[in-house]
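One structure, as structure tokens, below. Some questions next.
A, B, C and D are the chain letters, set down in written order, and residue numbers restart from 1 in every chain.
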Amino acid sequence: MLEVSNLACSRGDHRLFSGLSFALHPGQIMQVQGENGSGKTSLLRTLCGFLMPDEGDILWNGSSVSELQEEYYAEMLYLGHLNAIKDELSGLENLRISAGMSGIELSEKDAIAALRRMGLKGRELLPTKVLSQGQRRRVALARLLVSDAKLWVLDEPLAALDVAAVALIEELIAEHLARQGMVIFTTHQPLQVAGMEMRTLTLTRAGSGSRGRPA
Amino acid sequence: MAINWFKYSAPTTFYGLAGKLIPWFGISAAILFAVGLYIGFYVAPTDYQQGEFYRIIFIHVPSSIISMFLYLIMAGYAALGLIFNTRLSSMMATAIAPTGALFAFISLWTGALWGKPMWGAWWVWDARLTSELILLFLYLGYIALHASIDDPRRADRASALLAIVGSVNVPIIYFSVKWWNTLHQGSTIKFSGTSMHVAMQQAMFITLVACWLYAIAVILARVRSIILERERHTKWITELPEVKN
Amino acid sequence: MKKETMSGLFMLVIRRDLMLAMRRRADVLTTLIFFVMVVSLFPLGVGPEMDMLRKMAPGVLWVAALLSSMLSLGRLFSADHLDGTLEQMMLAPQSLSMLVLGKMVAHWMVSGLPLVLMAPVLGIQFDMSAEALGVLIIGLLLGTPILSMIGGIGAALTLGLRGGGVLLSLLVLPLCIPVLIFGTGAVEAVSTGLSVASHLSLLGALLVLALAFTPWVTAQALRISME
Amino acid sequence: MNGLDIWMRENPITYVLLGSYAVAFLIFAVEIAMVRHKRKITLQQVRLMRDAGDEE
């Protein structure tokens, strides 16, 4: 379970949000909403420990994330704006390496199966620099298939994807939630997960003391 | 919330306190400089080996000592700021760097001027002069790194780490330079004889204190500007008398 | 699914960086060519007297190695920073220091090791004796990894900054001075008949120190720079 | 021995005073001027910020 209490974050002189509290239980999904510059990405990056919050705590199963460190990282997966794939490497190599970095030794067979499910059949061995934006995003998203992380933190997972790929991601999220996983994400495109209550967290911009509240 | 008090009001009280202290430090520095140089030039006798040239030590030795200590103090403040996230310590570290660099420069300059009549060359690769030069490089690196990062928080933290790494390296560098120097039988500027005249010691001690007071005054003045700049969004800054009118 | 161990992850990072370096061979070659060129410029600058060149050789080779390793340091983290891989490394379930050490080792194998292998050829141009060459190579073998490791701190601190390359050299070069002193000192000790072992063991001690501390410091620097 | 060397040995006190102390105090003076200038600039900026804040 992910708990956030009284979180405050700022960039430079600018306070993004403060007094933010919410909890995410197994099997729940939450969308972070807000206009540009309201701190959606900063919130997700704070959850990953890249940014230090000004105030407040982030707890994973009751313990502080900053103390758990690697233990917490083993149970979470983050996909940001950047794909974290190398142009020089093939989709297969990229997927196996990124899985390896998240602590999973992935066999070639499993990696190929994952890439095929992402609709990259026949392109597994091409260097990713010849792939289109959407296809590269698919390579990055293939990590969702091979990860055993409980918490998914997804920043704009649907960017550059076509309708079929969006449907596939929705399916993957539904499977993950059915396995008692948790998802927190941002998106500018509508994302529907069948049979799931979508919670939303809205970050509002205000000079001081902007508040997010879960609906 | 003890931490909050430390974090938010320390610069507030410090700003006022520093403002009151600066004139005292400044004035006493000026008086002590005058006294120290009077003793150094009129009371202290001529050295029988080095003639009048030795009188450079009254500025050379204090500035060498201060430049080295300031680096350690800067690294100490930087470490405090990095570990405990206290803003004032990071600001102090930033304020110390230029003064430290200038003292290192003065030490090099006066060292060169001393070397010329003693050794016949402006620059000798003496262990102490070389270490001082490397120290100046370390200061310049710190200042350059701090200046090229826009986000003040990242600038403080990154340059703090550099200062700590630098201060760990300073003994290693000093030792290796000394080792290198003995291997190459380089020349070392040493004071002739074993005993310095009492008046020389007094003059040097007084100018050392004067340099310290000057350094503190300038650093406090600089840190006040940094506080103003960093805290300009807070209420207490806008209520300061010097900001109001 | 099998879990990666700490050493598994360490090896993975090295394998990955070597693989990438092999696909971008030009980068590796430029560093090496730079090294050869800088060294070859010295005789042109100071004249071809063999006695002087023999005396200068260790210093020239070491300074050139220092400069070439600065040249490649900028790439140590910047590519991974730009494409987001660094973020994923920070989220690895093993200590970031270990991954950083892996990257440093790979960087040394790609940029330091070729210099070490090239050094004897250049040393012959300077008419160095066989014994001196041997000591030079051992010194470079011990010293160039330290350059990669200290450089790693600088590369992490200057991540994503404008003018990062020059700034990086400004920060790192003063810290590398002890390595330079002991490395060249060892070669000079051969000709003056002093103890070579003491120089080399000091270099070895520096290497151990660097191995113990620089990965952790670099990991902290990366965390600061990623904020 | 060139001219400077001879002059230096004939006027050691002047050499020390001009070469070291005058330069050191000049550096101090420049530093003080820089610190004062910085304070002036910072105060101006803070006032500008405050005025901009009032108008909002």
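Here, contacts are C-beta pairs under 8 Å (C-beta built on N, C-alpha and C of every residue); 3 or more make two chains touch, one makes a residue touch a chain.
As the structure is a computational prediction, the values presented were derived from the model and not from experiment.
J.: Walk from chain B over to chain C along touching chains and report the minimum step count.
T.: Each step joins two touching chains, and the minimum needed here is 1.
J.: When you average C-alpha coordinates per chain, which one falls nearest the overall C-alpha average? Tell me, please.
T.: Here the chain at the core of the arrangement is C.
J.: If you average the CA coordinates per chain, which chain's centre is most distant from that of chain B?
T.: Using the mean of the C-alpha atoms as each chain's centre, the farthest one from chain B is A.
J.: Between chain C and chain D, tell me the centre distance in angstrom, where each centre is the average of that chain's C-alpha atoms.
T.: Here the centre of chain D sits 40 Å away from the centre of chain C.
J.: What is the distance in Å between the mean C-alpha positions of chain A and chain B?
T.: 48
J.: What whole-Å value do you get for the distance between chain A and chain C if each is reduced to the mean of its CA atoms?
T.: 36
J.: Rounded to the nearest whole Å, what is the centre-to-centre distance of chain B and chain D, using the mean of the C-alpha atoms as each centre?
T.: 15
J.: Two-or-more-chain contact residues of chain B, please, as numbers and ranges.
T.: 151, 153, 233
J.: Which residues does chain C have that touch at least 2 chains other than itself?
T.: Those would be 227.
J.: Would you give the residues of chain D that are in contact with at least 2 other chains, written as numbers and ranges?
T.: none
J.: In their complex, what parts of chain B are in touch with chain C?
T.: Residues 134, 137-138, 140-141, 144-145, 148-149, 151, 153-154, 157-158, 161-162, 165-166, 168-169, 172-173, 175-177, 179-180, 183 of chain B touch chain C in their complex.
J.: Inside the complex, what are the residues of chain C that reach chain A?
T.: 1-4, 8-9, 12-13, 16, 19-20, 23-24, 82-85, 87-95, 99, 223, 226-227
J.: Report the residues of chain C in contact with chain B in the complex, numbered from low to high.
T.: 153, 157-158, 161-163, 167, 170-171, 173-175, 177-178, 181-182, 185, 188, 194, 202, 206, 213, 217, 220-221, 224-225, 227
J.: Could you pull out which chain A residues touch chain C in their complex?
T.: 48-52, 70-71, 73-74, 76-78, 80-89, 93, 97-98, 100-106, 110, 146, 148
J.: Hey, which residues of chain B end up touching chain D in the complex?
T.: Contacts found on chain B: 37, 41, 51-53, 55-56, 59-60, 63, 98-99, 102, 105-106, 109-110, 113-114, 116-117, 214, 218, 221-222, 224-225, 228-229, 232-233, 237-238, 242-243.
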